[in-house]
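Can you keep this structure in mind? I'll have questions shortly.
Every chain is named by a letter (A, B and C) in the order it is written, and numbering of its residues begins at 1.
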Amino acid sequence: MNKNSNMSIFLKGLLLENPVFVLILGTCPTLATTKTVIGAIGMGVAATAVLICSNIVISLLRKLIPDSVRIPCYIVVIASFVTIVEMIIHAFVPTIYELLGVYLPLITVNCIILGRAEMFANKNNVAKSALDGLGMGLGFSIALVAMATLREILGAASFAGISIPFLENYKIKFFVEAPGGFLVYGILIAVVYKLTHGKAPYKKEFSCATCPSAAYCNRGNCQPKEEI
Amino acid sequence: MDAFKSLVIILLSSVFVDNYVLTRFLGICPFLGVSKKLDSAVGMGVAVTFVMVVATAVTWPIQHYILNSMNLGYMQTIVFILVIAALVQFIEMALKKFIPSLHKALGVYLPLITTNCAVLGVAINNINEHQYNFIQSIINSLGVGLGFMLAMVLFSGMRQKIQESEIPESFKGLPATLIAASFISLAFFGFGGIIENLFK
Amino acid sequence: MIKNLKSVISLTVICAVISVLLALTNDLTAPIIKEQETAAVNEALSVVLPGGADFSPIEIDEYELPETITEIYSEKNGGYVFKMQTSGYAANFVLLCGIDKDGVVKGATCISSGETLGVEKDYGDTLKEKTNETIDDVATVSGATKTTAAYKNAVKDALNSFIILNGGSVDLRDEAQILNDNLSAALPEAEGKFSPVFITEDIGDINSVYASDNNTGFVFVIGEQFVATDKDGKVKTETDLKTTVEAAAKAIINSHLNEIDITKYSDMPTQVAKAYKTDSGNYVFELKAAGFGINGDKYYNPSGEYIDIKVSATKDGKIISCLTTAQKETDGIGSACADEKFYSQFGGKTEADYSEIDAISGATITTNGYKTAVSKVFTAIKILEGVS
């Protein structure tokens, strides 16, 4: 498959470069909003919308924005799309707004979005950037929903708020609480590693290559050199 | 006296019960990324605590005296993130010029903090969720920062142990780290409800 | 320089464009959000006040209301919805309570709590249709006493606030505070710190006696009256109760306890831990009663869960007063044996009318252990007096 074909740009976000399970980006919303499937879908859709819009705008402006202030510009663009999405969700789906709470404005600092702006949108044309945003957004959403499905079924014996009768007496509340989030996430990363072994650009630690902060930091200090 | 008591409760609950990393999942990236060694965990913790307190001291008046009075509440996110980013840059420059020794110790962590969701999160939560007054907000930010540091320090100790253990191939690295984080989060879970009852 | 200028300009332009965009979106969505919020508030409020309409928040700082009240909404028919925050078993127990224009509770519900929701989820329903006069008839739920008591007290606060909002006045002090205020009024020198005096002498109509912690005097409670004396027992202000009070004060001040060696009496009941005789010939006993978790009549258990009781009685077998000094019974159930309401029943009882004591509801074992222990006082007096 041609590495730069539109199809592969779209598909890589789904599994091989899945932002959640392979690139390990956006860990905070991944853990926080996967208590319920509804919350995961809400977060996925909101982040995807922001990602596509910001990718398009940043790609459009990539020749106009001076290099020295590009990060502040990206942040402003992203934050404004987040605010717009937040207002729309607040107006039309208030239940999701309540459910996501502070995690909605915090999409601004979701590393996936700044990361894709820095790594992809400022180097590629509008169509490709939009496609990349869609792929990454979908990959993020799918990962969230997968994790939320596991957690909600095990922890609350329901799926998307609809209770599953025969599991009613076997709820393991642990899974919808904070510790369960860490556990399920860890296990899912291991499973994806097993499934894609040898193919994915597997990243088991945070490294400067994919860190959006690398742009300011640029010193390589955040990443201890040795491998585990 | 009651005011003092409520401040102590805010401080203790933000450190233990409502620990941002372990119960709210804010600031996970540095928690997992910089907790490998004890000294870097402490450095990051101090830097985050410092930035949180300063950021709250700046964003709280901005929200209450500028945004609210001009009916611009919806600009909160964009203004806060810019203010925090500028603040971090400014702190870094100031430290470099005036206290080089401190800059040497904390400087490397400062740029990472701009996109730390715990900093923006605590600034927003102080205003939207808790609706604290200025002093309470500062205390809460201090507590959240200390809680972050506590979690980092405890976790760095735990990671040293993990490095010495035999782990199945698929679980090596991040999965094992996350599962360890689950255990430490479970431990903090036990603090629930304890603070209010301490002062009954 | 030019490069810097370009940076500044482009950042400014982006910010400006974006601000316009945001303002436009805000103009579009703000009215919808507002509408939605009002609808949501109305819906939540009409759950506790069915039929209510046009809810609007009122400024609560203008009134002196109980601390638990955090928000009040008025309604067009004259009813109110109160939002209360209290602490039950855990803190942050948030309740809503609707009261109609006649002061009747129309609904109460818990909207958030740090507790495991059990009975309290439906407890609000039992408070429905209650008024300020009838709310005390509702019992707390055993097994969730703390939470349901907090629930009930919060609703009581709402009822009191309703009276205040309608221009009435309510005594917001609780019983302990009222007592302390009355004592302080009688004896200001005590600076508000009093301890009850354990009465060992028969002092007639006097209900109870309090000594000031800083040793400045005593306060005698007779019916509704509070009479203060100085530390030597002289009445401070003239009253027709002067003779009664001064006699009682003299008896109390001059009373000395002389310990009796109970090991000399082989048939002394096991519940009696210590016995004393006063100069006037009365007896004081320290008792250990079998609490909950102790088998049958045996008063002692290695785990040590007994109740400490102090009883004084005349030599002809009439109890003067009774006090629970220590107990480790189940909180909210057996712990009622430390309530004055319970132990003060024993005062004035003799062996003949002893069976009239009321039990603690839901705590049969504690009550039995307690009653058995106190009844041994009569046996002990007979032994000490040498009556066979």
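The working rule: a contact is a pair of C-beta atoms (placed from the backbone, for glycine too) under 8 Å apart; a residue touches a chain by one contact, two chains touch by 3 or more.
Here the structure is a predicted model, which is why all the values come from computation and not from measurement.
S.K.: If I average the C-alpha coordinates per chain and also across every protein chain shown, which chain's average lies closest to the global one?
M.R.: Smallest centre-to-centre distance to the global C-alpha mean: chain B.
S.K.: Please work out which of A-B and A-C is bridged by more C-beta pairs in contact, and write that pair.
M.R.: A-B
S.K.: If you average the CA atoms of chain B and of chain C, how far apart do the two points sit, in angstrom?
M.R.: Chain centroid spacing, chain B to chain C, equals 40 Å.
S.K.: Hey, how far is the Cα centre of chain A from the one of chain B, in Å?
M.R.: The answer is 21 Å.
S.K.: Could you please state the distance in Å, as a whole number, between where the Cα atoms of chain A are centred and where those of chain C are centred?
M.R.: That gives a centre separation of 52 Å.
S.K.: If a residue has to touch 2 or more other chains to count, which residues of chain A qualify?
M.R.: Only 72, 76, 80, 83, 87 qualify.
S.K.: Can you tell me which residues of chain B touch two or more of the remaining chains?
M.R.: 74-75, 78
S.K.: In chain C, which residues are in touch with two or more of the other chains?
M.R.: Counting only residues that touch two or more other chains, chain C contributes 18, 22, 26, 30.
S.K.: Within the complex, which stretch of chain A touches chain C?
M.R.: Those in contact with chain C are residues 61, 64-66, 68-69, 72-73, 76-77, 80, 83-84, 87-88, 90-92, 94.
S.K.: Which bits of chain C are touching chain A when the two form their complex?
M.R.: Chain C reaches chain A through residues 3-4, 6-8, 10-11, 14-15, 18, 21-22, 25-26, 28-30, 32-33, 36-37, 40.
S.K.: Would you pull the chain A residues touching chain B in the complex into a rising list?
M.R.: Residues 24, 27-28, 31-32, 72, 75-76, 79-80, 82-83, 86-87, 101-102, 105-106, 108-111, 114, 174, 177-183, 185-187, 189-191, 193-194, 204-206, 212-213, 216-217, 219, 221-224, 228 of chain A touch chain B in their complex.
S.K.: For chain B, which residues are in contact with chain A within the complex?
M.R.: Contacts found on chain B: 22-29, 32-34, 36-37, 40, 74-78, 81-82, 85, 108-109, 111-112, 114-117, 120-121, 124-125, 128-129, 163, 168, 170-179, 181-183, 185-186, 189.
S.K.: Name, in rising order, each residue of chain C that touches chain B in their complex.
M.R.: So the residues of chain C touching chain B come out as 18-19, 22, 26, 30, 87, 90-92, 114.
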